[in-house]
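Got a structure for you, written out below as structure tokens; questions coming shortly.
Note that the chains take the letters A, B, C, D and E in the order they are written out, and that residue 1 is the start of every chain.
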Amino acid sequence: MSVLIDKFDVFASGFWLTLQICFLAAIGALILGSVVAVLRISPVPPLRALGTVYVNTFRNLPLTIVFFFAAFGLPALGTNADFLRIPGLDIVFSRLGTDLPYFRFALIALVLYTAAFVCEALRSGVNAVPAGQAEAARSLGLTFIQNLRHVVLPQSWTASIVPLGSVIIAMIKNSALIGFFGVIGDLSQTADQLTSAGGEPFIPVAIGISIGYLIMTVPLGAFLDRVERRQAVAR
Amino acid sequence: MTTSEPLIVLESVNKWFGPLHVLDNVSLSVGRGEVVVVIGPSGSGKSTLCRTINRLEPITSGSITFDGQPLPAEGRALAKLRSEVGMVFQSFNLFAHKTILENVTLGPIKVRREKPAAARERGLALLDRVGIANQADKFPAQLSGGQQQRVAIARALAMQPKAMLFDEPTSALDPEMVGEVLDVMTSLAREGMTMVVVTHEMGFARHAANRVVFMADGQLVEDAPPTEFFANPRSERAKDFLSKILTH
Amino acid sequence: MTQQSSVLYDVPGPRQRRITLFGSVAALIGLLVGAYYLIYQPLDETGQLSMELWGPLIDPGNENFALVWERLGVGIKNTLIAAALAIVTSLAVGTLLAVLRIQLKGLAQRRYAGLDPYLAYLLRGLNRTLSAVTRFCVEVFRGLPVVITIFFVARGFPEFGITFDNLWYLVIGLTIYNSVVIAEILRSGMQGLAGGQAEAAAAIGLSPLQTTRMILLPQAFRIMLPALISQLVVVLKDTSLGFIISYEETLNIGKQIIGVLDNPIQVYTVLAVLFIAVNYSLSKLAQAVQNRLSRGRRTANTPAPQLPPAALTSQAEGAGGP
Amino acid sequence: GDDAGEETGSGGSDKSFAAGSTMERLNEAQAITIGTKFDQPGFGLKGLSGQPEGFDVEIAKIIAAELGVPEDKIEWVETPSKVREDKIADGSVDMIVATYTIKDERKERVSFAGPYYEAGQNIMVKKDDTSITGPESFQDGTKKICSATGSTPIEEIKKYLKDVPSQLVPFDTYDKCRDALQSGQVDAVTTDNVILLGYIADDEDAFKLAGENFTKEPYGIGVKKEDTEFRDFINDILEKAYADGSWQQAWDDTAGTFGAELGTPPTIDRY
Amino acid sequence: MTTSEPLIVLESVNKWFGPLHVLDNVSLSVGRGEVVVVIGPSGSGKSTLCRTINRLEPITSGSITFDGQPLPAEGRALAKLRSEVGMVFQSFNLFAHKTILENVTLGPIKVRREKPAAARERGLALLDRVGIANQADKFPAQLSGGQQQRVAIARALAMQPKAMLFDEPTSALDPEMVGEVLDVMTSLAREGMTMVVVTHEMGFARHAANRVVFMADGQLVEDAPPTEFFANPRSERAKDFLSKILTH
């Protein structure tokens, strides 16, 4: 058990790195997911199709393949994802700015993959708004945009919170794969590092790593359960 | 009370949902200030009829004119038409995230571009009229069903519509709340509002309607003044229906 | 197209149709141009489109074609075996877990009035402990990444002198995670059963266990069938994590082929298409089942079936598997 | 298999071994499970046929033959670097031939026969790169280098890095490192020279080695720690293979085709 | 029709949902063969009262006896009690995955351990009695609401209960289907079944009930024969309620 204390700094920095990429990926996925969701409810068929294809593609792929294309397909297309070295942001999230692009690639993979689920979570929120609300709005003479802005979207946010939260939890867990695609020092790679290269005993390390992930996922899950129960009561 | 040309005219309207013939060659005209009650068994197409009038459902063939104009197909013109036809739903459909007053003023402010202050004032007056001015700042979920439905009526009235459509406005209500909503509707009828009302409340049909229309299987089977209809229904189906509804 | 979006806007009129058509054409052109300059051209320039790289995968005349597909066939077979085993064991364990948790919750209210007070006390204590333990396991296994679970299983079991084939490490790892998810799906399905079903069963005198077994569980399976099929997609995707323990599933075999032929982008593209095709069909199946279920309901006078919120959650949790 | 094994006094094609020994057990079972790598060109690479190929594989086959186990009764198990000790310890495999460097800390958990080859860690760079001449070139903290997760080389190179997270890229296979070097995401790949030579042989115009080997990596054959008998048996076979040319032949058929030197047979370390 | 000791006796029953006093010192006794209709405004505790009688809701204080025995708290004894008290819900609650006949025979086979063949026969007879023997092999979703509710009644009867509880059995039905369910209930009442019926159908209360009980705010405000109650309600609240219900 002494590993947990001796190597506390290793666990802590692994945790910190995982937290960083999850934070960035969550923001990116929320933005991209919203864009895809807008595509999916837009009245223009090709855009709708694009949204649908996007969601169906990424929802049905193993994340491993997505990671692979981000880490090796992007270079083949001639990019190092340098557009992610956002001035200012790369000071806080130092890995974003380093010359090594793999953190950025991993970020892209997580964002692309998670965005598909974010889109579906948002859409499930829109679907949770009773159809009568939109009908009432239309029969008052509100236009499509007014309908969305004043009636549907304000209500869909609350219905989206729980599914969105679940998507974020899933994403945190998915981030465990980044260590296999060139990012060094995240929580899951730390496990590997300590046991196979560091020769530390397996069980305490496993406990330490588990605690690291559970700290991120369990409270968030408990919070969502509470929101869900409150919403169920309100309903 | 009917004056000059009718306000709403449906001519040979047909509506299919896939293979289902929901409106079968329906013709109906509703004069200005007239109150028409639509009755009929479940699934006979009453709601659909009601919804075609403000084009919530487009029709498959036939024509509908409102105030002398055919119903516009889309865009601003359609929005404008809808703002002139108030609609009240069975399940109220109040905007759950807005207060009572905001529900009533949303249309006037966003669609009719009224000044917020003026819209609020008129909104409060309307809420007063339906008897719930004191609830203006609550949210729909905090109100009883009867109160919510009265708000829905006020919301429709706030657009100063030329006609009002009601689709079973009382059938989701607890029995002791039916009365308060019917009272508001009856007073509207007295004041000369043109109304199409789908309902099972035979009392309302008897006392407030100018005409009763009976539908079955998508067809408009009978169309008569209430006294005549209830005393002496012509078709077998209407007789049968009335016997089921009125005995208990 | 869902029903919801058709409620959002009106059936388009002639003008709207024209605008839509124009928008569609513009969007289409934009997409094609973007795809050409951002994807086709760079790939072409780096020689990624050459037949030398693609041939073994798509040209039956190629000398390696048969070998490659034979290998991929082995991988696909292994993927399916692992997925099938994992889903079956997950269903079994998940069902048990769901029933256990529902029963424990029901028992929590019992006072064992007729029994010796000490025995009653003991029974209630046992019940509490079991509840706490199952809850703890559920929280932990739901909160851990599947990769980590699989890794722990493959490293942890031998630590205690228990060894299996890699296949079983993968299956156990997947089962630990997915049985918990399935248990939650079923549990929320049972709880979401409009309360009335359980009450009606109680009202004719069925015991809690009979109620669960004869009334709740069969219906929960039916209602949750779409969610369960979606979970199958998750399991299929998750088998690809087998690579970390050297299980020879599809992606791992792909990796071996790449080691020989040196055409990663091409192999992964083909595998991506395979996965999308299979999983997309499964999702469609889930949707069809869902539609059939809700159509069956709507004709009745009962309220339309509403997936309990927890089911949505678990579907999103489906993202849980890479 | 061909008959040999005068030293244990066999009779005909049926060899006989000391009662209770691992050799006897394997011979009786007519089957053996051998761990090797599936992704190491020249040493252990699973080909399109589905069978692993390479120098390690050939060495393993020689040993199996001496045990009297036919080639088609060998079960090959993939043993990537980080699981090798575990797989031997928990008995999942009978022995491991997988570019397995003999090291003191590893000797605590497994026993090594051999070495049967002495490699050394080196660095591969792009052909036109003159800025990297050895591990010291990474001390200024700007150059990036790639290696495989959990391997000895990745631990070794860490000693030379100024800032590990921003200089080191770990992948699960060296192929990915090679691709990363090719497309310019990293400046170098480090691992044992023979592996690098394989890549260079594939694409002479693209890569080269930067400098000399900076470590010695004697490859051994891992067996259960307490199984000295089996270890000695393998050592004997290796010495025999050095003598009868089958060792040289195995090299020439596999890694030798890359142009790598085999050199003189390393001295067996009978510790 | 009341004989000897009453079948159901509630004495000073109180029930709290958290801070909410839902049943406030309710005492009621229902004799064998008696039909008691419970009416009152929404939220007054009618459903809760009904559900305490077969202990679907445990009570906070007071006592309930059924057939001379206090209600058992749990386990087999409770299941047995419930099998003796039939219950019909507003939303039918038929088992959606079982056929009509299976719905009716499940209880007899699993709880009363009858032979499947005998149970089937009696089940069919019961279905015949409520007028839907020809639907025995369909699933609930294939039936109309009125038919489903009649199945629910048959399901309860199949347990050969000593009493039947109805919680607004007709309020989820389309109006033209209310009659068929009420007819079945009326004939049950005529045959001497002990019944507690929560309903808003005043016609049923008038014609079939022995007593009408009026509840408000969790209290049992009035308890009188129907003729007396409707002609001359004693309390203000009952008057007010009746005026709301009966005017339209």
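As a convention for this text, a residue touches a chain if its C-beta (ideal position, glycine included) is under 8 Å from a C-beta of that chain, and two chains touch if they have at least 3 such contacts.
What you see is a predicted model; the values in this text were computed from it and never measured.
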(message) On the document's contact criterion, could you list the chains that touch subunit A and likewise touch subunit C?
(response) B, D
(request) Between B-C and C-E, name the chain pair that shares the greater number of C-beta pairs in contact. (result) C-E
(message) Farthest chain from subunit E, going by mean C-alpha coordinates, please.
(response) D
(message) Can you work out the whole-Å distance between the CA centroids of subunit B and subunit D?
(response) 84
(request) Report the inter-chain centroid distance for subunit A and subunit E in whole angstrom, where each centroid is the mean of the CA atoms. (result) 52
(message) Taking the mean of the CA coordinates per chain, how far is subunit C from subunit E in Å?
(response) 44
(request) Indicate the whole-number Å distance between the mean C-alpha point of subunit C and the mean C-alpha point of subunit D. (result) 39
(message) I need the residues of subunit C touching at least two other chains; which ones are they?
(response) 10, 12, 16, 155, 243-244, 264
(message) Could you pull out the residues of subunit D that touch at least 2 other chains?
(response) 83, 172, 179
(message) For this structure, enumerate the chain pairs that meet the touch criterion.
(response) A-B, A-C, A-D, B-C, B-E, C-D, C-E
(request) Using the touch rule from the top, collect the residues of subunit C that touch subunit E in their complex. (result) 109-111, 113-114, 194, 196-197, 199-207, 210, 214-215, 218-219, 222, 296-297, 299-303
(request) Using the touch rule from the top, collect the residues of subunit E that touch subunit B in their complex. (result) 41-42, 174-179, 182, 200-201, 203-204, 241, 244-245, 247-248
(message) Which residues of subunit A touch subunit C once you look at their complex with the stated criterion?
(response) 40-41, 43-48, 50, 56-57, 59-69, 72-73, 76-78, 113-114, 117, 120-121, 123-124, 126-127, 129, 131, 134-135, 138, 144, 147-148, 152, 162-164, 166-167, 169-177, 180, 188, 191-192, 195, 202-203, 206, 209-210, 213-214, 217-218, 221, 224, 228, 231-232
(message) Using the touch definition from the top, list the residues of subunit C that touch subunit A in their complex.
(response) 1-5, 7-10, 12, 16, 20, 23-24, 27-28, 31, 38-39, 42-43, 45-46, 48, 139-140, 142-148, 151-152, 155-156, 159, 233, 237-238, 240-241, 243-244, 251, 264-265, 268, 271-272, 275-276, 278-280, 283, 309-310, 312-322
(message) Going by the contact rule set out above, which residues of subunit D touch subunit A in the complex?
(response) 81-83, 105, 142, 144, 146, 149-150, 154-155, 164-172, 176, 179-180, 183-186
